[in-house]
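For reference, the structure is listed below as structure tokens.
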Amino acid sequence: MNIRMISKLAAGAAMLAMVAGTAKSAEQVEVLHWWTSGGEAAALNVLKENLQKQGVTWKDMPVAGGAGSAAMTALRARVTAGDPPTAVQLLGFDLRDWSEMGVAANLDDLAAKEGWDKVIPPALQAFSKYEGHWVAAPVNIHSTNWLWLNKAALDKAGGKVPTNLDELITLLDAFKAQGITALAHGGVPWQDGTLWEAVVLSTGGPDFYKKAVLDADPAALSGDTMKKVFDTMSKLRTYFDPNFSGREWNLSTALVIEGKAGAQEMGDWSKGEWLRANKKPGTDFVCIRFPGTQGSVLFNADQFMMFDVGGDAEKAQQKMASAVENPAFQIAFNTVKGSVPARTDISDEKFDDCGKKGMKDLNEASTKGTLMGSLAHGYAQPAAVKEAMLDVITQHLNGQLTTDAALKRLPEAVAAAK
Amino acid sequence: MSAAHETVSPGSARAARYVIYAALIFLALVYLLPLYVMLSTSLKSLDEIRGGDMLALPGDPSIAAWVKAWGEACIGVSCVGIKGYFWNSIKMVVPAVVISTLLGALNGYVLTKWRFPGHKLVFGMMLFACFIPFQAVLIPMARLLGAAGLSNSTAGLVFVHVVYGLGFTTLFFRNYYEAFPDELVKAAMIDGAGFFKIFWRILLPSSGPIIVVTVIYQFTNIWNDFLFGVSFSSGEASPMTVALNNLVSSSTGVKEYNVDMAAAVFAALPTLFVYIVAGRYFVRGLMAGAVKG
Amino acid sequence: MTTIEPMPVVVPERRKPSLADGLRNGLPKLVLAPSFAIILVFVYGFILWTVYLSFTTSKMMPIYKWGGFDAYYRLWSQPNWYVAMQNLAIFGILYIGICIAIGLFIAILMDQRIRAEGVLRPIFLYPMALSFVVTGTAWKWFLNPGLGLENTMHNLGWESFKFDWLVNPKMAIYTVVIAGVWQASGFVMAMFLAGLRGIDGEIIKAAQIDGASTVSIYRRIIIPLLRPVFLSAFIVLAHMAIKSYDLVIALTGGGPGNATELPSTFMYSYTFTRNQMNVGSASAVMMLMGITAIIVPYLYSELREKNQ
Amino acid sequence: MSFLQIKNLRKKIGNVEVLKGIDIELEKGGFLVLVGPSGCGKSTLLNAIAGLLPLTSGDIVIDGQVVNDLHPSQRDIAMVFQSYALYPNMTVEENIAFALEMRGVAKEERAKAVAQVAKTLQIEHLLKRRPSQLSGGQRQRVAMGRALVRQPRVFLFDEPLSNLDAKLRVEVRAEIKALHQNTHATIVYVTHDQIEAMTLATKIVVLKEGMVQQVGTPAEIYNRPANLFVADFMGSPAMNMLKGKVTAGGGIALFGNGGVTVPMPPSISSALPAGKDVILGLRPEAITDDGLVDPTARAIAHVEAEVTMIEPTGSDTFVTGKIDGASFTARTRAEVVVELGQTFRFAFNLDKAVVFDPETGHRVV
């Protein structure tokens, strides 16, 4: 082996590595997000092109996987290194936690100029602002308490949409009789949680949801209503197919699309799957609020939190925040993503039936005070508590905990995580 | 010796060999299954994947998924496939492997041929570095990289891989040089060779087997690393595994399994190549001393 | 007999050494120093830092506020942690045991002057080359009852075949073992093969002359001679078992429920997704203590032995 | 003044003192053999001379220069190792030239020097080979070539023949001897083989447990061993050691009560007080059959003893005799007629006897 050559090679490679180190240009935004699939990426491209027109280059930092958990790890590394990205896709309590670290930028001037206070729902503002200052630009509002039904299967079962849990059970029995999987579900903690929170809302109503989930009241978490919730979960479990464990949500959606399953409880992002399969709302599928949750909306909103990057980069950052709240982008993005705009002053004409219904529900809930954060997506509890609750929910659903044990464990887990 | 003498007729010997070959072939097939699934899926169409049997051969093989994975698949907002990330990984792996191997060789050399009081403690402490869980070092590492201005750069990533590869490379070379005759070093000393001359001219040229083992080990580990890659690099500078993860585990949208599988095979090609080509030398290198570690 | 001295270091002790001498004598240590310093900082420094962090109130990011043993109380009151440790015990024992058994078995078969060795060897070795980021999906499918082996068997007409471990909370940890063994056993095979090739042929000839059968030659002579390989394999596998992370995440994500939680996934999730960095650090400290308990006695005996 | 001087050399490894104050001198062109059993410190001493080990105290002087603090490469020495220590990655040619290369000798000169050495050692046809392609004897020769090419002040040999088979060993031994005679090189040579020591050395140093037992010419060492250890170690078969008591007549009574009294030549008997316990040392060649008796000997004693072993070597036959539990070995003519169990008449040539004090082990006369 020629040693001289190797050492030269090593030196060369090291040099190369040095040169490859990045330098940030002034008019550039680096965006950390986990929207890596085709549709989402296409939607983001709208924003990217928008910014490019204003002379801002877009440095993409996609980190997919684990519903953003890999992205959060990357973010920690970047912030710890003192080199945060310009904007980061964040959810719920994570926004507060990061703001608390004192790394957020201030968007107050921009928000005042563009009047964000008036058009963004207060329930959402609670997360977009930290100690009264705007730190994030909300992109969209998802709602999680939806039920997606295969129209053909529904028609076969009588065509009547269920409006409460009992009717849901009847319908699921009918699906089962058709020989299809009644309820398509993917057995991962956040999906289990999504289903659970809808059942909580349906069983106990908005006030109980606030008490049990938003306030994590120990009595509510172990009371009779909660027992009913867990019993319902056990009941719903019997309508799953045997392979639900660990399945991605979109595969479950595909089962409903193909008619192999009758229904799926899932957030409105699931609509994207239907649309991409060239299915029409109303004719091929039906979107309804999860039975018993009409009038309330559990929300989950993607926001771009702006990190304090200082200097010239701040200008690009402000431009990006403004572009996110631009109504044209809001429409373009949300029609693709299946969500509804984060601002309430946007016309619904470009949206389909489900979208229109979503926007109407949102406005209604926002005024009624029944627009509440989703637990599974980090808008109800900080991460520690959320994950502790999901632990119990998941283990119960997988038969590792009995209902009684779950009722005992739930307040304990919450207390331990606080 | 308790065992009785066993007479082996030619017939039963042949039967025994059939059994051995049968067992090996069966095991080989089992080991190949996941690779087979990946390859056959990457050649199928999406419809065939959804409807068909996972283990069935592709009915109408097509390399469309491969073309897409290489040049068209979307990773984030840009849809240019994984080809660019391939080069990213190479830029990271080559210097990291070369530097960590070289340092390991030097360390092994000092720890066996230039011993000093406490050399065992030093070696033991370095060896322990192999066992630290990487998740536990992310945050402080990020802090130090940031302070050194290496955050989010390939140089930083190379550094991290060198640091956490040192324990292994030192172990390999130390065990190999342990068996290397001291007399050769003495002879070279008398001949007038200095510390580095002895290393370059005498030890390193005789280290072929252990260099192969070390390079294979380091190359595979660094190429396959995801955790450091995702934490200490970003966007278009990410290594292959991060890009692959973005491609494969996108949270929404239609899953193109054939493209995913093709991309996964692409990502695995270099390490597969290294193992297949150098497999023989790998066993030989292990024989040459690494096993005793 | 010559006595070979272990220390060919030349240290002039009595006369004043020149600068060049000093440099030459210090050079080996100087060469080792950067590596050692790096290890000190990036391994031991970070371990100390982690230990310190486990005594703070850190949540999402490190906060250097003293929290006493709070994180440890929390850790040991987490049912997840007990599950993780129990799983590590099951996984670790089976993973190490089966890898060694299969690795040795294949190595012995491969050592019978097999004609196709050049083809077979890479087949057994290649899993080591692939990360679970690459093979995770294929494995998930293969183990999934609706898509993989069970489905195939049903398609072939074996309707009663059942293989649903992946989705069965009681059995899921064993699927992790299967995939883990698949990945590492080839590497163990290579180690044993190297060990077998290194055995002095005359010993085997002597045993044959003594009338030992092939089986008893392996059982009584060869396998005992492979003791150092067993030890190396154990250490390599033990550290891989403790560090296993990708494997679980790719296969089960820790589920169903928390059925396949391991200490490594526990630590990661508490540190990075559950914003309880102090509890995550406490679990890391526990893991490090476990590793120390395995490694240090090994190192001690290993380095002592060579002293004599 | 001596060319190589070792003065009060001490070496501690850990808490063990391996060399306990060694003093040796060697003239230029001398061939010094360090001999002793395993663990006597001979290799340690050689390594210390080479500079491969740090000294604890004492001095090593080569040609008037104290070399204690000099690096091995600066001592102008060359060493041939037991394992030959040929660089496996280099050809024979490169191996021999390596030291010159390290010293910055120009390429052409190196080639010339290598060619010359190769010619001397008759290894020209091997120059392009690698060590792994050589036989043991060839490797040995290359190792010597590597030392020779340097023309150093002192050659060091560390058991260079121990890895060769018996026949080759004798051949190479002769070659080394010839080499020394032709080049007049100063050589320090370590071996545990006393025949090598006897055949090669101009000066032998016998070491035991880190101490010099005796320094002398081969003849001195063989004929006048300083103590029981040297007497026993040098020579094969070993010297016969017979317990005895000095009689009033100046003879020595051997073999207890039922034994014989052998007369002593006056040079010995004059130094022995009567009644003293002694050990009588007689080399096997000093005990013979009658036919081999040295006609010039002044003190011959005949002893009848039972034959317990007969070892023919071809040239001689070694016969072991036994009286009253004490055995001795005699070297007889090959054609002597002797049978096991027979009582045989041995002739003791007491001119060659050495007498030791059993308490101190030192030679009395």
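As written, the chain order gives the labels A, B, C and D, with residue 1 at the start of each chain.
Criterion: a contact is a pair of C-beta atoms (placed from the backbone, for glycine too) under 8 Å apart; a residue touches a chain by one contact, two chains touch by 3 or more.
No experiment lies behind these values; they were computed from the predicted model shown.
Undergrad: Between A-B and B-C, flag the pair that has more C-beta pairs in contact.
TA: Looking at contacts between chains, B-C has the larger number.
Undergrad: Farthest from subunit C by Cα centre, which chain is it? Let me know.
TA: With centres defined by C-alpha atoms, farthest from subunit C sits D.
Undergrad: Averaging over Cα atoms per chain, report the distance between subunit A and subunit B in Å.
TA: That gives a centre separation of 37 Å.
Undergrad: On a C-alpha centroid basis, what's the spacing between subunit C and subunit D, in Å?
TA: Taking the average C-alpha coordinate of subunit C and of subunit D, the gap between them is 55 Å.
Undergrad: Rounded to a whole Å, what is the gap between the Cα centroids of subunit A and subunit D?
TA: 90
Undergrad: Can you work out the whole-Å distance between the CA centroids of subunit B and subunit C?
TA: Roughly 14 Å, centre to centre.
Undergrad: Could you list which residues of subunit D touch at least two other chains?
TA: Correct list: 47, 51-52, 71-72, 82.
Undergrad: Note the residues in subunit C that touch 2 or more other chains, in rising order.
TA: 4-5, 7-9, 24, 61-62, 147, 272
Undergrad: Which residue numbers or ranges of subunit A touch two or more of the other chains?
TA: Where subunit A meets two or more other chains at a single residue, that happens at 66, 73, 76, 80.
Undergrad: Under the stated contact criterion, what part of subunit B meets subunit C in this complex?
TA: These residues of subunit B touch subunit C: 1-6, 17, 20-21, 23-24, 27-28, 30-35, 37-38, 41, 53-55, 103, 106-107, 110-111, 113-116, 120, 122-141, 144, 163-164, 166-167, 170, 178, 182-183, 185-186, 189, 194-195, 220, 224-227, 241, 244-245, 248, 257, 260-261, 264-265, 267-268, 271-272, 274-276, 279-280, 282-284, 286-287, 290-293.
Undergrad: Going by the contact rule set out above, which residues of subunit C touch subunit A in the complex?
TA: Answer in residue numbers: 59-62, 74, 77-80, 140, 144-147, 164, 166-167, 169, 172, 249, 252-253, 255-259, 269, 272-276.
Undergrad: Considering only the defined contacts, which subunit A positions touch subunit B in the complex?
TA: Going through subunit A, the ones touching subunit B are 1, 3, 6-7, 9-10, 13-14, 16-18, 20-22, 30, 32-41, 44-45, 48, 58-68, 70, 73-74, 76-78, 80-83, 85, 248, 250-251, 254, 269, 272-273, 276.
Undergrad: Can you name the residues of subunit D that touch subunit B in the complex?
TA: 47, 50-52, 71-73, 77-79, 81-83, 85, 87-89, 98-99, 102-103, 146, 150
Undergrad: For subunit A, which residues count as touching subunit C in their complex?
TA: Going by the criterion above, the answer is residues 66, 69, 72-73, 76, 79-80, 97-98, 100-101, 187-189, 241-246, 382-384, 387-388, 391, 394-395, 397-400, 409, 416-417.
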